[in-house]
Each structure stands twice: as structure tokens, then as C-alpha cells.
Amino acid sequence: MSQSELTMSTGHEVLMESSPYGMEKKKLGMWIFIVSDACTFATFLFGYGYMRVGSQNWGTPFEFSSILNGIIMTFVLLSSSLSMLAAVRATQAGQKASANKWLGLTMLLGTVFAILHLREWFKMIGEGWRLFYNPLGGAAQFGACFFSVTGLHLTHVISGVIALAFIARGYNQGRYDSSHVETAGLYWHFVDLVWMFVFPLMYLMNAAR
Amino acid sequence: MSSNQELSMGSYAGIVIGLMIIVGIEVVLTYQHLSVRTLLFALLCLASLEAFVGVMYLMHVKYENRLLFWTIFPATLFVLVLLNYLWPDAYRMARMSLGR
Amino acid sequence: MKVGRKVVALTSALLIFAFGLLYSGRTVSAASTGQVTGTVKLDGTAPHQKPIDMGKEPICAAVHKDKPVTTENVVVGANGGLANVVVYISQGLTGNEAAAPSQPVQLEQKGCQYLPHVVVVDAGQHLKIVNADQTSHNIYAQATKNPPWNKSQPPGAQPLDASWTNEEIAIPVKCNVHPWMHAYVVVVKGPYGVSDDSGSFKLDVPPGTYTLTAWHETYGTQTQNVTVAAGKPAAVNFTFKAK
Amino acid sequence: MHDMTAHAAAHHAPPQGFIRKYVFSVDHKVIGIQYTALGLVSAFIGMALSWAMRIHLAWPTASIPFLGTLSPNGAPGGVPTPEYYLSLMTMHGTIMAFFLLTAAPMAGFGNFMLPIHVGAADMAFPRLNMASFWVTFVGFVLACATFFIPDGPPLSGWTAYAPLSAVGAVAGPGQGWGQNLWGLSIALFCVASLLGALNFIVTTIDLRTKGMTLSRLPLATWAWFINAWVSLLAFAVLLPTCLLLVLDRLGGTSFFIPGGLVINDKMLPHSGGSPLLFQHLFWFFGHPEVYIIILPAFGIVAHVMPTFTRKPLVGGWKVITYAMAAIGGLSFVVWGHHMFVSGMSPYMAMVFSVPTLIITIPSVIAVLVFAFSLYGANMRFTTPMLFCLGFISLFISGGIGGFFLAQPAVDSYLHATSFVVGHFHFTMGLSAVFAAFAGFYYWFPKMWGRMMNETLGKIHFWLSFVLVYCVFMTLHLMGLTGSVRRYSQFVADFMVPLTPTNRFITIAALLLGATQFIFFYNVIWSRFKGPKAADNPWQATTLEWDTTSPPPFDNFGGRQMTVYHGPMEYDGDAFVMQTSTEKSIAGT
Amino acid sequence: MPGKVFAVVVVIITLAIGYCVVAHVWWMPVDISVHGPNIDHQIEETVFGAGILFIAGQLVLAAFSFLYGDSKGARKMKSFPGGAKPLIIFAFVVVGIEILVLSFVGSKAWGSVYFTPPDPNSVRVDVQAGQFAFYFRYPGSDGKFGPLHPELINEGSQNFFGLDTDHDADSKDDIVTAELAIPVNKPVLLTLHSKDMGHSFDVRELRVQQDFVPGIVIPIHFTATQTGKFEIVCTQLCGLGHYNMKAYLEVMSQPDFDNWVKQQAAMQ
């Protein structure tokens, strides 16, 4: 219920100070959420670093196959960012059909990422990895750090896909416009950029070299 | 609306491919038998570069109002820098532990 | 409709009869009690029991100033008799033993020590815990087969009450505030006997053949079979090897 | 600039039906009242807990009425056991610090007043605002539920230090499901505060009406804005800490539990964690938290005082706002002073001691601005004004303790003594609560449309002010003997002679608690029978006094609010409303 | 009228507090350690400095409240001469100086405890804090501490440290006591480790307070200058028995200490 709705109910223009950021309040809200979520991820990663420094036998358990899987997931997520950009461009240009196409592709790529990720999780769980058990004899903390950091990121990806679904449905029904899609795009790019830190710190640092 | 038409889709694709290339470099670096410390430093620098490019271009901060840049970056970096106060105690934990 | 009513009357009569039998059955066999007596010996020298330093709690240290207190893991009487051994029936219970005594067993905390060191209760029987010291104790019964039980008892508080339902041969009890305070609560079903300083114990058991098990906190358990005839006490002796 | 095209969303029509109007309402005023009510309920629960604690400390064998029935195994026969005393202390700290001191002044008054102060119809995201209240409410219910579960409430203090809080039920009574619920409750509170802070920031930036430039923002709004940034970054760190704690307890991980711990002769299946990580992450949030509690108090006093001194604050809006911003910024750099003696490396102690001393400078500037704004004033001694004066005196007394505890050498003696208890009760407990009282008495006419009774208010002030010094200054100075905090009984030889002092504190604390019922009665009576309040009972200048009390659904009845002046246009009995086009008389 | 009453009340309260502090109604116990005087000096200096700021602040508040009460006549407002600038200067200058002095002098006191290396031939005692009791371990005649095996800890048989006297040669002569005895005027080095929770080692008279952090060993060193029996209390919340977690520190002359150790060794 932004100011502009007020105009409709009271019939005359409500004059407001211009926002120093010069952007939709939805986008400003999303940016401030991104700042706080970045700090939350940072705390998880600092905890992981603290555990790793403090432990004697951390071990580097990831074979090249998991690293390859990680690379594919990263490329999937990056391309989903690209398709998200295209979707935003399409909604701003008002092309409903291509917007739906691109939004569908973004959601698909997001789901592929989630599936690849869960497949790897279950492979590791199959190998005996638990939240606090390291089948290779290394520090048992590895499972805790790995599953908690990637789990938080996976939750963000899945909730991102669900949010995109709602935004797409609302957009098709005309309730949402390009600013809503752009805000969802911001969230999606943020989730992608967090993966830019999670992938090297969690996968590459633990690659068996 | 904020003028985000500066970059064509083609250049966005170029940026995303650039990010993919950086990820490739990271992977190559991983298998270069560097010491853990230098590898970590390299990976963090590359990841920060990716994040910076991602925020500035993919998320339009470059074309938004200057104030947005000067709000989000100082706030986040403020917390990131201050969290580094943890490291002396992490090493203390490793050095003085009872070996368990 | 008439058949239904007849059936109801028949079953209720049967029920009353069965209940009556069950109830009377219990008291029928109380009269002819057999007895098992015996002694528990320790073969070898008892391990050195360390003296307890109660420096942390001056109230209790003052109580034991003249006679220093040692740990009670192995208590050996004058003639080598092993104390604190619980002898109970592990097999052969026929269910018509004497009913569990109703009045509660007392576990007293005096001079920052549990008296007695090993206390035996029947399943379902109540244990009365008294704090006779001027300092707070917390009674932590680390039961595994029963729910664990951890309560504090400030000085002068009214006695606490505890009871355990299923049999557990040794529930270690400790006080967190005074780490040297240790005791065992042994929850058994049926008759039991605890060996005193001289190592002798006594069980009241109806006639029949049973397997007796003797449990000690440090030396574990031993079993022996025994047949008890009415009116003639059967003698059973146990010997534990001192490692 | 804005995309002013008509939106298809349902327009801002006032809701019908009781549920929509009062329970699940998206109106910031209703949500503000809900938060304030939650704060009042937490205040009385916290006070009852502190009563039980104080009575137990003074007369350890006394049977406390109702406590025996409330929790038969925690306090058999009304006499709390040592672990139950620690649970009372833990829940007193948690409920007071989170659900009263963080929620009421910031989210309670802030939600009600911020949109009106900036001239908006509602918060930027009304549904998000409603969601953040109900998440806080669920957190509050979880926290109170810990009293009624078999495991009993947690006993590891509101700080919940690591192995005691992370190891699980084996750590002793209260550490079973009580601690899990505590962790979830605080995690939910973090989520709610993050959403609330986000709402405050966007509303203050984006929804200011015409003419309401940043320099004309009322000072309470400035405080809530700065506070929103501080809580945004601080709660963002407490949320993962709570998640890791719950993961440690339920997931079997050991982020905070090192290896080799033995409890009841059994080794724990944990290894690799560090309690210092928990302390760092908790206090990284912990110290900004105490400034999250005191900044709204600064804002409320800076907003209320000019109305009754009839002159602007010395230095205008700039000095106090920069001081608050400096405090907000520095609050992130000082958390180590909580850990001087708790195992942190001693070199870090110096690194944290200097900024802790430096943060006293903006605090002193703020106090000086408040004190010297009284110079040459023509003070009207209404209840809000008295509470503001009380705030200044209490904050000076509280701030002095900071000089001691900021130095590692002195802290090595005074750490974890009742000196610290006195210090944080003065700053967090009393100054914040006196400012909240000032805000409550000041905005009651606007929130409920009725005037509160002045004589009852004054009695409440004078009794509270004197008793507060009796209770907490005695506790503060008693700490110099080294009497340790968080003890459920005084058995140590050097603390037994302090029993008469403790009895004095308890009696004063009971009287102090009783005086709060005068306030409670005043609130209930005035709410229904108080005299009708005019639109501007205090002749104040800010926007909330420019509309009816209580304000209509869209705050200004559709009028276009245009602001021409700053918030402090006072000169004796003359004053200029922010929206009036007259010439400014105080040059702000 | 209320302004004058408020001023009087504040003045009375300030004087009462000033009296309580100056007359040492509640004050630190006499110090018995070498580094203690530094800390006492630091506390007294802070009391003096902060006390002046406290009294000045309260009296200024009382004065303004007394002078500028609600006079019915519409008096002309006076604003503070010079606006906020002098206040800011005062804050930066006065509080700034106080900060420099306190942090500079303070660092010397702090350094004397934590940055000066322990005396090599000081009496070494290993201190273990566990749920609700301190236990102390002396190296015994061989001067070496045996290794610790937490899995062997068995309170029932008084094996509090988890010593394996059968296999470890060094553990055979280690002496475990519930009381900390140290010789007077000799440097003592304690190594603090915790068995289960976070605890704290606090002796008021020694002006020493250091937490036990489970997982790491923290060394602290001091020298006692007076004989007597002092109380060691735990100041870090560690569970239900926290209020009763104490032990006694006995400072003895060297001969007394030697035969105390012999006597404890006999009781092992």
C-alpha cells in the first residue's frame, strides 16, 4: 500500500520528498535485506574458518568429481543470473511472452542447481558423511561446516525459486509489474554472488590436491 | 525508471562469461600446489572481484544513485572487517589446545 | 437381548472370582517363608581407598576432622567380609513372594556423605532422601533404564521422594556440588539382601529353586543356584577376587 | 521520479471486522500498540521474576507465594532451588532485554510514531510490519513456554555461554528442551527485528512528506533510524549464532564445544569447537544490543524535552544526531570488553579497551547536550519532563561505571561482580525504562486520545526515582567488595556479611515493584476514564500533534502535509508547528 | 516547585553516593599480591577521575533544575552561550585526557599480569575446574606433570585429573589436592584447564581473575606477599552449583609449604 494508492482513495496527488536513492522502495528494501543477509552468510563463513583454523586434521576430502560437479553448479547459477537479467529486460519492455520464457528458464536453472546440489548431498551422505561424522577420519567438524553453509545457501536458492514462481504468477495476472520482477532479480543475483564465495571456500579449499 | 539500458544483453552475457572464466581460473589455481595460505588469499581476492563485478553490473549499482553504493558497501564491509577480530582467538585455540 | 444380559452376568461373575483368587493367592503363601543366609568374602588384599579431601566445604570438613573419610568403593570388614554387596534373585521368582515393604527406605546425606553407600529399593517402592547438612546438595540419579532424576535439596528442606518403576541393578547417584559424594540405588524386583561389614546377608524367600546374583560396585556380579526348603535356612557363600 | 502510475493493489481502505482491525492488522498504529502491550506484559513478568530472585537472595529459606504452585519441581514449597534461581535469572534477563527493552521503545513507539513523524500514511511494507510483530509474539510465547515444560527454563543466563548452553541436557537441569526453546525464541526475535529494522530504514528514507528534509526529522525518528541500522547489522550476526547453537544441541555438531569434555565421568562425543567463538559472535551482537536499547531512549528524551523546556536542544538537531550516529558506529568496535578475563588473548584486551573509552566521548556529549539544554529554560514539570530529568541523572550514574569496566586491569577485579550488574541495570535497565516512561506519558494522549493522571504520574516518578537509586546504586557499590553476580545463595565467606545489604536491596526492590502498579493502574484507569485529550495537549510542534488523537486510519485524514520547519521551534510559550508557514522563531 | 525538589533529591543522592565511596563502606579487600598495587592504584585513580565527572554532572543537572523551574511569568529564553561548541570541546578535552591517562597507566597494570613472562623457577600447579569444584595438582618430586586422560576421569575413585598411574611414570608422584597451598613471596605459575564447562579462577585478595576456557590451557602467574587463608571462587556461570564452587588458597611460609606437600603426598 504505497503512497500512490493513497492518491486513488483521496483523489489528489500526495507530494513527497524525493528519495535520495531515487529508486522504488521495494528495491531499497531488498538492498537493505541483502546487506543483513550478507552479514549472516559472513558469520557462517567466519565460523567455518574458525573451525578450520582450530582443528588439527581438517583433511581435503573432495575428489575432482565433486569439484567438477561444483563447477557445473556454478555455471548453472551464473547462467540463471543471465536469464534473470533477460527476464527483467523483457518485463521492462513489456514483452510478456519472452518475460515468461526467461523467468521459466531462470526457475528451471535454479531447480537444476538445487537438484545437482541435493544429489551431491545424498552421495556424500551415502558415503557416510554426517553432520558430525567424517568417514575419511579427518575432523568431524567438516560435515557440520559443509552442510550448514551449503544448507543455508540451498534454502536461499529454493526459496528464491518459489518466490520467482509467485512473482511470475502475479506478473501474468497483472498484479505485479517490472519493478517486482527487478526486485526478485536483485535477490537472485545476491544468492548467486554468495555462491561465488561459498564455492571456492567450501569446495576448492577442500579439494584433494 | 533508473536508466539500465546502458548495457545490451550481449555485454551482460560477456560479463557472465567473464565471471565463469574467473571461476575457471580459481579451479586451475586450486590444482597448482600452492600453499593453503596463498591459495586462500587468491581465492578470496577472485571471489571479491566476482562479487564486486556482480554487484556493480548485474545489479545495476553502477547506474543507480551514488548513495546506494556508499550505503551498502560501507555497511557490509564494516561488519566483514570487524568479524576478523576472531582470528587471534582461533589461532590461540589451535596453539594452546590440549591436543584434543 | 436376553442372551446379551446372561453373557454379561456370567463374565462379571468370572471376573470377580478370578480377582478374588489372585488377591487371595498373594497372601496364601506368606506363611511358609524359607531363608537364605551366607557371607561374602574378598579373596586378596583390598585396594587402597583414598582419603576424601573436603576442603571445599568447611562445614563437612569440620564434621570429619578427627576421623578422615575414605572412598567406599571397596569396604572390607574385620574377617575379610566384603560389605555393600547386594544379593537378589535373578531367576526363579514365582510372583508369590512377600509384597514389597510399604514404608520408604531412607537415604541420608550427612557430613557430605551418603548413608548408606548402597541402598536397595523394590521396584515402585519409595526412597526418602534427607539432607541433614547445613549446605545444599543436589541428588543426581543417572538412571539408564529409568528416567534420570536430578533435584536440588537446600539445607533444612523437607525430604525428597523418589521411586523407580523398572528394575535397574545399579543407578549411580552423585552430588554435583560435592564431587566426592557417590552412592548406588539398586532397584530389584522381589526379595533382596545387602551384606554388612562382616559380609553376611539374609534373604526371606518362599521355598523353591532360585538363581541368586550378588552385585558389587567394583567387582561386578556372581551367580549361584540354591534350593530353599520350608523352615530350613539355606547357606550360600560368594567370594570375589581382588584384582 | 517515482513510478506514480496507478497500482492495481487494493487501496488503503480501513479494514472492517475485529480480527482485521485489532489482531491481524497492518496499520502501523495498531502494531505499535501491540508491541507496547507486549513490552508492558514482559515488564511485569520480568519484574515478578526479579521479585522472586530478590526475595530468595535476602531470605534463602523463605517460601515465595505462588512460586510453589507455579513450578512444583523448580521451587518445592515455594523455596527456589539453586538451578531454579538461575532459571529465574536467565528468563528475567532474556524477557527484559529482548521483549521489553529492545521491543517496546524501538518497535512499540517507533512503529506508532515514525510514519506520523515523517508524514506518511503507513510503514513502507505494512504486511512485513505485521509479520515482524507476530514473529516476535511467537518468540515471546516460546520463551514463556520454557516455564511450563518438564525440563524447566534454561539456566545459562541471557548470554547463554557456550559449553553450558550447547552441551545439552547432560549439563544439568534446565539445559534440555528449555535451552532449545530459548535458542529458537531468540532466533525468531532476530528475524523479527531484522524485518522491523528494514521497514524503519525504508520508511524514513522513502516516505517523508513534502518539505520533511533529513534536517527537519524529529530526533526520535533520527534515533530509530540510526538504531535500525545498528540492529540490522547486529541481529544479522546473532541469528547465525542462535542457529549454530541449536545445531550444536540438536544436530550433534560442535561449533562451540571443544573435545575432551567429561561430565559425570563420561566423555562427550564432541570435538573441535571453541567457546570463544560463541562469546565473540554473541558479544559482536551483545554490545550493539545494549546501544540498540539506549539509542531510542536518547531519541525519546531529545524529542520530549524541548516540549517542556520550551527551547530547542543546545546545538540543534546536528550535535545530538551525530553523537547518536557516533555511538551507533563505535558500538560495533568495542565488544571485547566483555571478554577481558574470559580467555580472549590479552593482547586483544588493549585493542578493545581504547575504543571502549573513546565511546564515552559521544555519550558525554549527548548527556551534556541534554543537561545544558535545561540552561535558561522555562521548564514545565509535567510527568514526561520529570522522567527525562530522571533519565539524565540515571544515565550519568550508569555511564560512570563504564570508565571502570573499560580498563582491562580494573575489569580483572570487577568482572562478574555486582558492580557490573549495577552498571548495566543503570544504563540498560533504568535509563532506558525512564525514557520509555517519558515516551509513554508523552504519547499516551496521542495513542489513546485520553490524558493520563498527572498526580499519579508524579507519585510514580518520585517513588521510582528514589527507590531506583536505593536498589541499584547499593548493588553497584557493593560490587566493589567483589561480591560475585549470578549466585543463588551467599555461602562464600566474604559474601555472608553482605546479607544485610542484600536485605536492604530486596526491601527497596519490592517497594519499587509495588510503585509500578501505580503506573499500571494509571494506564488502565486513564485508558477508559481519563479526560479526553486535545490534538496538541503539550503545545508541541512535531507532526503527530498536527492530527487528531488518536490519529485516523491514514494518519492525516487525507490532508497533504507540507513541512516548513524543524522539530524544535520553541521560544517560551510561543511555538511554531512544523507544518505552519509562519516565520521560524528558533532558527532550526 | 518540582524543579527545586528534584535538585535537592539529586544533591542528597549524590552526597550519599560520594560518602559511601569515600568512606569505603564497600571496598576492596587488602591486596596480597605483587601486581595488586598497580590494579588498586588504577581503581583509585578511576574512582577519583570518574567520581569528579559524576559529581559535576549531577550537580550541574541539579543546579539547572533548581534555577530554571517553571516561573509563571513569560521569561525570555536564554540559550547556553556559545551553543554546543564548548560542550563538545569539553567532552573531547576532559574525557579525552582521562581516556589517555587511564588507558596508558592501565596498560602498565595489565601488562604486569599478562605480558611479563612467568619466572622460570616458580612453583607450578595445574588447576582443573569441574562442575562445581576446583582440584589442584602438584608435580611431585620429579617436577613433571603426568599426561591427562579425560576418559579415565572417575570421581568415585578420586581420579579427578584422569591420571594413569600404571603406565605414565610422571603421574606416579603427582599430588592431587582440593586445596591450593603456595609458598609466600615466591612466584607461582598456575595452568588453568577446565574439565567440562566455562569456569573462572577468582581470588579477590590476589586481584587475579581468569576464566577457564574448555579446550585450552591458560597460564597465569602471580606472587603472594602475605600468608593466610583466602577464598577462590568461580565467577563464570557454570550450572546449578556455581554459587558453591569454591576452594581455599593457603599462603604458607616455605617450610610449612614443604611439609604440607609431604603430608599431602602421603595421603595420595
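Every chain is named by a letter (A, B, C, D and E) in the order it is written, and numbering of its residues begins at 1.
One rule holds in what follows: contacts are C-beta pairs under 8 Å (C-beta built on N, C-alpha and C of every residue); 3 or more make two chains touch, one makes a residue touch a chain.
Just so it is clear, the model here is predicted, and its values are computed rather than measured.
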| item | value |
| --- | --- |
| Lowest number of touching-chain links that must be crossed from chain A to chain B | 1 |
| Intersection of contact partners for chain A and chain E | B, D |
| Highest C-beta pair count, chain pair | D-E |
| Distance between the centres, which are taken as Cα means, of chain E and chain B, whole angstrom | 43 |
| Mean-CA-position distance for chain D and chain B (Å) | 36 |
| Centroid distance [mean C-alpha coordinates] between chain C and chain B, Å | 67 |
| Centre-to-centre distance between chain D and chain A (centres being mean Cα positions), rounded to whole Å | 34 |
| Where chain C touches two or more other chains, by residue | 135-136, 138, 152, 174, 176 |
| Chain A residues counted as touching two or more neighbouring chains | 20-22, 35, 39, 43, 50, 54-55, 179 |
| Two or more partner chains touched - positions in chain D | 3, 81-83, 172-173, 232-233, 236-237, 258-260, 271, 273-274, 276-277, 343, 489, 491 |
| Every chain pair in contact, whichever chains are involved | A-B, A-D, B-D, B-E, C-D, C-E, D-E |
| In the complex, chain A residues that touch chain B | 20-23, 31, 34-35, 38-39, 42-43, 46, 49-50, 53-56, 67, 71, 74-75, 78-79, 81-82, 85-86, 89, 92, 178-179, 185-186, 189-190, 192-193, 196-197, 199-201, 204-205, 207, 209 |
| Residues of chain D that touch chain A when the two form their complex | 1-13, 26, 120-122, 124-126, 128, 194, 197-199, 201-202, 205-213, 232-233, 235-237, 239-241, 243-244, 247, 251-255, 269-274, 277, 281, 554, 558, 560, 562 |
| Residue numbers on chain D that touch chain C, as the complex places them | 60-61, 73, 76-77, 79, 81-84, 172-173, 264, 489, 491 |
| Residues on chain C engaged by chain E in the complex (per definition of touch) | 50-57, 71, 73, 135-136, 138, 152, 172, 174, 176-180, 182, 217 |
| Contacting residues of chain E [partner chain D, same complex] | 1-3, 5-6, 9-10, 13, 17, 20-21, 25-29, 38-39, 42-43, 46, 49-51, 53-54, 57-58, 60-61, 64-65, 68-71, 74-80, 83-84, 87-88, 90-92, 95-96, 98-99, 102-103, 106-107, 109-110, 113-115, 130-131, 150-151, 153-156, 162, 195-198, 200, 202, 204, 207-216, 218, 231, 233-244, 246 |
